[in-house]
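Presented sequentially are two complexes of subunit A, the first with subunit B as partner and the second with subunit C.
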Partner chain A sequence: MAIRIFIDEQEVKAEPGESVLMVARRAGFDIPALCYHEAVESIGACRLCLVEVRSGARPGISTSCNMKAEDGLRISTDSPEIRRDRATNLELLLLRAPGSPVLRELAARWGVRPRLQPPPDAGIANCILCELCVRVCAALGHNALAAVGRGEKKRVGPAFGKPAEGCVGCGACLSVCPTRCIVMKDTPAARTIWGQSFEFHRCQVCGQPVITEKHRAFAIAKRGLPEDYYDVCEPCKQSQASQRFASVVW
Partner chain B sequence: MTPAAAPAVDTAKVKEILSRHPAGDAGALVNVLHDLQAEFRYLPEEALKLAAEHLQISQAQVFGVATFYEGFHLKPRGKHVCTVCMGTACHVRGAPKLLDQLERDLKVRAGGTTPDLSVTLETVNCVGACALGPLLIVDGEYHGNMTTGRLPKLVDSVLKEGKS
Partner chain C sequence: MPRFSSEKDLESYRHKVAAGRAPDRRAVAVCAGTGCKAFGSAKLLPVFEAELAKASLKGKIELRATGCHGFCERGPLVLIFPAGRLYTKVKPEDVPEIVREDLAGGRVVERLLYRDPVSGKAYEKEEDIPFYMHQQRLVLKNNGLLDPASLDDYLALGGYRALAKAFAMGPEKVLEEVKKSGLRGRGGAGFWTGRKWEICRAAPGPDKVIICNADEGDPGAFMDRSVIEGNPHSVLEGMLIGAFAIGASTGCVYIRQEYPLAVERLGRAVAAAREAGLLGENILGSGFAFDLRIYRGGGAFVCGEESAMIASIEGRRGVPRRRPPYPAQSGLWGRPTNINNVETWANVPWIIDRGADWYRAIGTEKSTGTKIFSLVGKVNNTGLVEVPMGISLRQIVFDIGGGIPGGKKFKAVQTGGPSGGCLPASKLDIPVDFDTLVREGAMMGSGGMIVMDESTCMVDVARYFLNFLKFESCGNCTSCRDGLYQLHRLFTDIAEGRGSEHTLELVEELARTVKATSLCALGSTAVNPVESTLKYFREEILAHVRDRRCPAKVCKALITYTINDKCNGCTLCAKRCPQQAITGTVKKLHVIDQKKCIKCGICLDVCKQDAVWVE
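Let's turn to the complex of A and B:
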């Protein structure tokens, strides 16, 4: 059963319990967020998706990613207060990750002056501890990462600071990382990430890397794929298919 | 300073402790960690791995929780714990001298444990007993108005007790 919420006085349809951020973005509202991904649970870590609740028993500024849509909810997505609070939160994120291009671009757009110079070799130093990598890794069933330690010593990494058994070198953590701070190195021979090296499974036609061997084994077992599923890369599969198609037609 | 070598972990004992908690009950994690630490004085890596298996959660989750709380230790701890208060009052009344002397006598840095696992030396920022400063806490017992002169006797008595 659909419900109605009001975003900047505009009526928008939603499903009960949906993330307000998701509903607003679907309706075309531009709310910034770094730690949000619709595939995983929202934890309101980056605190940039602030909106103002104007209805109900608890009005005020709150994160929208982990706010659930309720019938009749009224929010606004822009006000001097929201801008001020977003700018403050961005300033704090910039102190933690001064070299992050994403943060610096937002800062330039919002008129926030970065207080620290970007470090020469950023890498994991640009982590804003949003734990999106941790959540995505767990959702994929690898469970290789955790937030380790607390306070200023908090970092994201594998258990015991050692290569994680569950890590398959899929690189999903890096692909969702808002500040791209996870260090992954691909050479023709292998991929290195989180202190572990993974050999590639290669395309039998062109020899290009398709997937890491460990990721291949995991995916075939979990998704019940045929053993040869990853033996040919996508572009080669396509050209094979088009040749087959051509041979049928002519 | 080489870190104290981790002694072999009694796997049977770990399993016995784990069996007190229902398998697959992720919510019991902190209780499990407490029980393990009560037995081993720290949380051995092997024990944490078995705990993850027993509670059916990932090693990463267990490690995240174990490192979150100050009260859990991942390195072997000494039979005795010697804590020097470094709060402002203790500091101005000579706590750094006490710490220096302890580090020298025990041959271990603050935060470290002697290789024979007899003593762990650590500092604390303030325990609120400022009138007693400088304050030394040995195995939970508070020794106020500590001096470098009285220190060797106290340390000796603790170490002897440890050997008996």
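Let's turn to the complex of A and C:
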């Protein structure tokens, strides 16, 4: 059953319980968000996706990523307060991640220049502690990453600071990282990430790396794939298929 | 202990217990609260036992270990009944004299009585001591009267009578009564308890849960600990009544690991209640079933926040999540959950037993009942004080607390725990209730009250609380984690002479955003100490940034120690200076080398001539 919410006075359809941020984005509203990913639960870490609630018992500024759509909800996506608070939070994040292109672009757009001293490094340069890597890693079933510590001493990384057993070197953490701060190095032979090295499984046709051996073993066991599933890389599989197709047609 | 299968069972047993206890029977009550135990009260019991035996008083005078009396600073405390005589700072060697003189001879041991530090007047009876006289004890009332390990003691004082009454009333009437009483949560925000119960009761879902929040994370606060240590059954009874009204069959008590005595006494009370059929199936034949478990927390401040607490009980990292959904909608294990503070629960039996009208008569219209404060800091009498809501700050600080020691001037009182606010002398006459405190920029919180005198620097105070809060921030959200970190840093700049008026602008801007956009109330209330200080003590902060001066002479970077011509050259300061920064020969004026001086203040403390000057 679809419900209606009102974003900047515009009526928008939504499913009950959907993230307000997702609904707004689908309808074309531009709300900045760094720690949101629709595949994982929102934790409201970055505090940039601010909107102002104008209905219900608790009006006021709130994050939208972890706000659930309810029938009749009214929000606005822009106001002097929202802009001011977003800018301040961006400034705080920029102090942690001065090298992040995404943050710098936002800062340039909103005219934010850091006036404060950067906090102590979170162990990884440019990390904004949003835990997207942790959440995605857990959602994929690896549970190799965790957040530890409180306050400005919070860190994310392999639990207990040791190379994590669950890590398969899939690199999903980096692919969702908003500041691209996770260090991953690929050589033709192996991938290095989070202090571990993972050998590649190579394509039997072209010899290019397909997947790390450990990831391959995990995926085959977990998803019940045939043993030879990763023996040929996607591009080669495609060209093999088109060759087969050609030989049948002609 | 028999197992009660009906109210009649309970009442006839109560009669039997009470019959053996004449109201004027003689007893010695030794406080066994954490405070008095720290002063060695446990050593008194065996000595009393031996001395009573020697004086052939064994069996004639009951010896009892009780919960905290709140006047821990004067501990170990010993109360003599039926006279109600209070002996303070009692040591094992004092016991023979108490037994010989008082118990056997009927003479008061004057030297162990409480003496007012200002007037020097000695008080014989506990109830006449100003510290107690101006209090109104409800939740703490029975703390000094009962042995927390004894269910009999609790029953003799009317315990579990309210529960039986609640069963007779039915859940709706109980709920109405609590609503009508005007009871508000004692754990922080002061939400209406009856309303909260009603929402949880109405929430769909059969398996409801109630939680007792005994995390008590405010530094220096110990009211919840004392209630559990001194009268654990009152909390259990409150929870049972609440569970019945809400329709919950499961309860949890979340209590911090650092409270071993409270955990032990609560555990014993739970076991005793189970044995007596007051927990479990078909309680008192009502058909109502309820049981509870104790969860021990690791002592993170943020785990006192309800959603973080739920995460912690579920075995996850204690990090708050966005509300709504509120616990009443989806709480522990996804079930409708009602969370109340220890003191809130302990008020409930009174409301049901005496009725909402009786309860409403205490306190103010919108803040009914009493509140326990932990009164600490620069005040003559420190300890736990329970007062009717609406009493003025002045009455608490001066009448009960006995004013400021050493003839110093009152400067501020900080209420509401680390995220409360500092109120100046001009606010001493405001009534202490939920709404007034918030309106004035402080809050009730869970009842911390820290008194500060003129030697306290408000920049230093704000920095202290910011340091605590930034350390305790869970680190999840940007505004709280990095906002508080930066605020603390800016206040450090101010304290160390690097501040400017621009620093203050940054502080105000940051504070606004931290308050408006933090995920949980840790962040949004963390700016209270900053904002209230800016509001009431702006001049003092400006002195730091404009004139590089700390008027209270606390901020080390902004003060210098010098020796003036009152110096008679006794050389004491030079000998004691850890930096060898003081030079001078016997009977000659001494001089402090400012480059070496670390401003530790030892010279000031040791100088008998008043010759060390701080500016």
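Here is the rule we go by: the second predicted complex is superposed on the first by the 240 of 250 C-alpha atoms of A that agree within 3 Å, B and C clash if a C-alpha of one lies under 4 Å from a C-alpha of the other, contacts with A are read in each partner's own complex, and residues count from 1 in each chain.
Operating definition for what follows: a residue touches a chain if its C-beta (ideal position, glycine included) is under 8 Å from a C-beta of that chain, and two chains touch if they have at least 3 such contacts.
Quick caveat, the model's predicted, so the values are computed rather than measured.
Asker: So, does A:Asp228 touch the first partner subunit B, the second partner subunit C, both, or neither?
Answerer: In the superposed model, A:Asp228 contacts neither subunit B nor subunit C.
Asker: Where does A:Glu9 make contact in the superposed view: on subunit B (first), on subunit C (second), on both, or on neither?
Answerer: neither
Asker: Once chain A of both complexes is superposed, is A:Ala147 in touch with subunit B (first), subunit C (second), both, or neither?
Answerer: It touches subunit B and subunit C both.
Asker: A:Asp30 in the overlay: touching subunit B, subunit C, both, or neither? Say first, second, both or neither.
Answerer: After superposing on A, A:Asp30 lies clear of both subunit B and subunit C.
Asker: Could you say whether A:Ala138 touches subunit B, subunit C, both of them, or neither, answering first, second, both or neither?
Answerer: first
Asker: With both complexes superposed on chain A, which partner does A:Met67 reach: first (subunit B), second (subunit C), both or neither?
Answerer: A:Met67 contacts subunit C only, not subunit B.
Asker: Looking at the overlay, does A:Leu50 come into contact with subunit B only (first), subunit C only (second), both, or neither?
Answerer: Only subunit C is touched by A:Leu50; subunit B is not.
Asker: Could you say whether A:Glu165 touches subunit B, subunit C, both of them, or neither, answering first, second, both or neither?
Answerer: first
Asker: Quick one: name whichever of subunit B and subunit C touches more residues of subunit A.
Answerer: It is C that touches the greater number of subunit A residues.
Asker: Based on the A-chain superposition described above, do subunit B and subunit C contact any of the same residues on subunit A, and if so which?
Answerer: Shared contact residues on subunit A (touching subunit B in one complex, subunit C in the other): 147, 149-150.
Asker: What residues on subunit A touch subunit B, complex-wise?
Answerer: 134, 138, 143-150, 158-160, 164-166
Asker: What part of subunit B is in contact with subunit A in the complex they form?
Answerer: Result: residues 45, 48, 58-64, 67-69 of subunit B touch subunit A.
Asker: In the complex formed with subunit A, which residues of subunit C make contact?
Answerer: Per the touch definition, subunit C meets subunit A at residues 300, 302, 317, 319, 321-322, 324-325, 470-479, 481-486, 489-490, 506, 509-510, 512-513, 516-519.
Asker: Which subunit A residues qualify as touching subunit C in the complex?
Answerer: Touch list, subunit A to subunit C: 43-47, 50, 60-63, 66-68, 81, 84-85, 88-89, 92-93, 95-96, 115-117, 119, 128-129, 131, 147, 149-154.
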